[in-house]
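Chain IDs A, B, C and D follow the sequence of writing; residue 1 opens each chain.
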Amino acid sequence: MSAADLLNLFIAAVLLAGVYAAMSVGMTIIYGVMKIVNLAHAGFLMLGAYFVFEAYDRFHIDPLVGVLLAFPVFFFLGMGLHWLLIRRIATSDQPTLTSLLLLFGVWLVLQNLGYLIWGNSDRAILTPRTLSSFEIGPISFPTVRLVVFGAAVLSLVGLELVLHRTWFGRSVRALMQNNEAGQIVGVNVQRTAQVAFGVGIAFAGAAGGLLAMLYSFSPDFGATFQLRAFVIIVLGGLESFGGVAVGSLVLALAETFSILVLPASFQPAIAFSLLVLALIILPDGVAGLWNKRRRWV
Amino acid sequence: MEQEAPVGVNEDVGDAKPGFSRIAPAVGPLLVLAPLAALPLFGPGPNTVRLLFVTLTLVTASVGWNLLGGFAGQISFGFAVFYGLGAYTAALSINAGIPPVVSFLMGAAVASVASLLIGLPTFRLKGPYFAIATIGVSEAVRVVMMNVPWTGGASGYRIVEKGRFFQMHHYYTALGLAALAVGISIIVRRSKLGLALTAIREDQDAASDLGVNPFATKLLIHALAAALAGAAGGVYARYAAYIDPDGVFAFRNGIAILLMPIIGGVGTIWGPVIGAFVYGLIHEEVVANFPQAHLLIFGSLLILIILFEPAGVVGLSNKLMRVLGRERKD
Amino acid sequence: MPPILSVDRISKYFAGLAAVKDVTFDVEPGGIYGLIGPNGAGKTTLLSIIAGSLRPTGGAVMFAGNDLTRKRSFGAARAGVVRTHQIPRPFRSLTVLENVEVGLRFGHGSHTSHAPQAAMQLLERVGLANSSRRLSALLSVGDLKRLELARCLAAQPNVLLCDEVCSGLTEAESAQVLDLLCDIRRSGTTILYVEHNLKAIMKVCDRVIVMNYGQKLAEGPPQQVQVDPAVIEAYIGRPTGN
Amino acid sequence: MRNPFARRLSQRSLGLLSVLATAMSVLVLLSPALGQDKGAEEIRIGVVMPITGREAKPGQYQREGIELAIKQVNDGGGIFIKSRGKKLPIKEIFYDDGSDQSRSAGMAERAMSSDAVVAVIGGYSTALGEAESVMPDRYQTPLITPGAGATAVFSRGYEYIFGTLSPIDLLGYTTAQYLGNLVDKGKLTKGLKVALALENTDHGIDYGHGIENWNKEHPGYFNVVFSEKFDLGATDFSGLLQKVKNSHADIFLADTHLQDYITMHRQYIQSGMYHQMISYGARGPEADARKALGDATNYIIAGIWWSSKLPYPQVKKFNTDYQAFTGHAPDSWYAATAYDAMRALAVAIEHAGSLDKTAIRDQLRKVELKDSLLPGQVLRFGKNGQIQGSFVIVQNKPEDKVDIVFPLDAATGESIAPKPKAH
């Protein structure tokens, strides 16, 4: 394989990492603040995809604008879901079975709603951007993937800004670092959790919109992404946004380059092997690396 | 929020009449076993037998899961691995001419060995990280099995048995296995091992401080649970006669095996049995009668159970009995 | 008499910070040893290391000729070194009696056969006999402390490591617990008693080890330690002026 | 009695257990009653298809094909059953298997064992068909699969299974034959390099075999330089495509499902790849793909079991009827094989003259549907139960046109080969 090929593969991996990061951010926020693994994430990715699709199909709204519109819509959807269901289960500093199963139930319901509303066709968004790419020397950049990559970077940067510049961000960070301490210094946990859940769902919806520019989708869209998002947040340390970027990059590089030595049919095993390896090599989870420091003090 | 007792735990109910409580553990299993064993007397249709057969294999897997997830509190999403390995081992053995019962035992043994291989690294992880790791293991094993050439890879594997198909034969195998599973579950619960498991579930470090070896205990119960799931997979495989990795190793199987005890009541003897019946029968009927809305119905049911009765059907019935008991006293 | 427990240059670092540094002392059989020091002195860390809940960064723990350093806490418990917890950690879904049975059936004495009444006798000894069939989750703080002790006693330890068994208790309850400790000592069990509260220690201990900033500050009989200027300084702070 | 806690638990559930036992007895007692007395005045036919999950869309198209055939039979008053001396209508009992193998087998079994059907049509996609194929012999109930084409399904010596899809290896073979024909015509040069990307199922394996077989029979035409399997439902094919690129092949042949076709071909276009000929196996002309890929689907060739462009009168009639029945035109081949499966079954039932399942099976073996929609116009089941029809190769052309380009006698347009570079 020539250097140009390797470079091409590397670019593909980095752009894939952008896709991965975009879809994982929402899951991280919810996990960080509430220690809930959002098993309904895939459902919201799917809804986001259809939202952007409908906006484009009916009102000819550019998918990128659609993604922006998805933010407020899904934010309130998330807040509503929290009000309706999530706040009723006990909070914990560990993921509980209850929360996992509740959200699994929500996922099933969302999936079925998708079937009832949109049927079982494979939909896709086709804009002039979709299939275009431009080349710099021997390296080609698919335009949509660049767009998604840019959006992912923007979301991560935007989120960092929000976390460090606003009261909400400070509350969120306080809760992510130490739930009890957060309560002691006067963070309104329920309120923050609700907003955080809303933000998490908003990012999930928007990410769904971004994915819709890349892939075709049907109501059971999202499951493979959800599992990967999960792998990424574990790799990235479960509750840091820098970690999401790192985790996405690690996974994308591993998946893309593994194909040089492994048959393509083994590719899906990469993510899960990485997950198990990361957990075992760092016995308390990757997060344990810096958690350990606090535990006995 | 009101402090709730841990899942699967009943608050003190006062002392039972000693004579009654001595026969109670024997009465329970018999009460369930008798009508199931006498099934042919009712002249059931093949579909009823099939439904009960499938449900009984689910009971076995679910009771197995409950040993680890309910008694020891180690939530695993990876039981499809054992179910699948049991299915494949039994399938390969039966095709090699080994008698079915021995094949099921071999399925159980292979699943147990796999459980040790999985448990050795992953039981060093605590709580949620163990659960997370089992997701990874489950999916990785599925993909690998898709690519193993000598089991047909993704094309699946077929069991060829000569002679006629006797559905009742399969049914009694499944019934016997399920009864065995419940028996094991009762024995474990009442043994020293059961005490250790509960202690580990409640506080692993405190249990260790009193001399319980959490790591070895968890490995042991994991192996036992895996053996049950593996045998269940084997029994199912012989019935289905065709298995493939996407079917038996599917992540959704792992979810189903975990859902059943949740529906019935985690950590109780009968919770997983009841859960498996509820899941097996309701799921099948909903799928058959509401093909357009079965996910919706099942998802909503799950949400309702989680929100309003986290202790499952057993918890619900306990609540009902308490209410009824109170009324009687008044 | 050879020491039953010897702690030899034990150190523990957390991310480069020393929680325990080069602590050495011997415990002779049959006494109550106090381990005192201000908050954050490293007492509980040291206790956890002896009990096997924590691995030391350096040093060794010897118990009756056996090296406990590499053993996990269940190994230590089976060998005969059992700890209590500062905040009681009952097995919430088990009854009081069953909690005690865990110690009885898995601890140091588990290989010897015991009468079925053993658990009840222990509960009577700590004054919990009436609650034996209650769920431990429903006990009061004081009762939980007693249960914590009863559970450890059930393991039949040679050395009992007590972590602040009096914290959170009323004066009267504390007195009862201290009486119980004396009673346990009389039956031949050695006690290493970690305590923040000086008064309690002085009442029951035969010998006291004082720690500060992870290091051993002083060791000796209570009366002697009480007047040690270094100890006073650690507890009250350097006297200003005069 | 060491552990009072356990005692309490098991004892607490006693009441519940008795309830459970009663409920079970009721269920057991009721079910035979439900099973009987069915099918007296109607012909019950089980249809097991995925309408949710990965295979939902093709499953739905096949269901529509079956239902159209049933409607047409029933509009004519039903099927004349000699033993009853009158015409009986067909009643469809539908089950969604959710694209899940074990459920698919379970539903087929349910249909055969308790819902009193005389035959089952089911099994879209090879995997689901294989799971179901165990059941027909077990319950001596014929099963026709209109969607499983892998030879493995029919190679087990089963006696009650039939299929209206020609074998997949024939699909690979025909594709290679077509390309060879292009070489003969001078449109392609001899000795071109071929890259294969196959889905990791029997479908993919058979497709690969078909191409290999033709190559063996006709050495020198093509040279397979790359062949690899991939997992269905992958999110990213950049690695695989990079490997294909590196193989410097001239022709790219993949065997995929619809979703993978869309995802893979998007990435193919985005990474600026080009081959003289491209095929995604049996996928190509689907409307969903056109919507998702637009002009990028132009010149893709597909080997399919049927095309609405076939110049037979019965195809024209079917196209109109289907449009009227479903409100949309037939999409690729899916509905046609299912429609013919149902029609062949109806003929067999009428010939059997009774609702006896074995008699129906015997008639299915002899059935000859002379106005079949499928290429060759005659549908006849082979010895193993699978039809041995031929394939048509279609090529997508600009402006949503699809032309049959092979076999030449059915062709509606010229092959455009090699594929033009810019579009």
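Criterion: contacts are C-beta pairs under 8 Å (C-beta built on N, C-alpha and C of every residue); 3 or more make two chains touch, one makes a residue touch a chain.
A quick note: this is a predicted structure, and the numbers were derived from the prediction, not measured.
Student: State the pair with the higher C-beta contact count; candidates are B-D and B-C.
Tutor: B-D
Student: Could you name the chain whose CA centroid falls nearest to the centroid of all protein CA atoms?
Tutor: That would be B.
Student: Roughly how far is chain B from chain D, centre to centre by C-alpha average, rounded to an integer in Å?
Tutor: 35
Student: Could you put a whole-Å number on the gap between the CA centroids of chain A and chain C?
Tutor: So the centroids are 48 Å from each other.
Student: Can you check how far apart chain B and chain C are, centre to centre, with Cα atoms defining each centre and the answer in Å?
Tutor: So the centroids are 42 Å from each other.
Student: Taking the mean of the CA coordinates per chain, how far is chain A from chain B in Å?
Tutor: 32
Student: Do you know which chain B residues sit against two or more other chains?
Tutor: Each of 143, 146-147, 154, 192, 195, 198, 292, 294-295 in chain B touches at least two other chains.
Student: Multi-chain contacts only, two chains or more: what residues does chain D have there?
Tutor: Within chain D, the residues that touch at least two other chains are 2-3, 5, 51-52, 200, 229, 231.
Student: So which stretches of chain A touch two or more other chains?
Tutor: Those would be 115, 263, 265-266, 268.
Student: Which residues of chain D touch chain A in the complex?
Tutor: On the chain D side, the touching residues are 51-54, 56-57, 59-60, 197, 200, 228-231, 233-240, 242-243, 245-246, 258-259, 262-263, 266-267, 269-272, 288-289, 291-294, 296.
Student: Report the residues of chain A in contact with chain B in the complex, numbered from low to high.
Tutor: 37, 85, 88-90, 94-95, 97-98, 101-102, 104-109, 111-113, 115-116, 227, 230-231, 234, 263, 265-266, 268-269, 271-276, 279-280, 283-285
Student: List the residues on chain B that touch chain A in their complex, please.
Tutor: Spelled out, the residues of chain B in touch with chain A are 1, 4, 7, 75, 121-122, 124-129, 131-133, 135-140, 143-144, 146-147, 154, 255, 259, 262, 266, 292-296, 298-303, 306-307, 310.
Student: Please give the residue numbers of chain C that touch chain B in the complex, ascending.
Tutor: It comes out as residues 51, 53, 72-74, 77-78, 82-83, 85, 89-95, 98, 101-103, 105-108, 110, 133-135, 137-138, 151-152, 154-155.
Student: Spell out the residues on chain A that touch chain D in their complex, using ranges where they run on.
Tutor: Going by the criterion above, the answer is residues 1, 5, 8-9, 12-13, 16, 19, 115, 119-124, 126, 130-133, 135, 140, 142-145, 214-216, 218-220, 224-225, 228, 255-260, 263-268.
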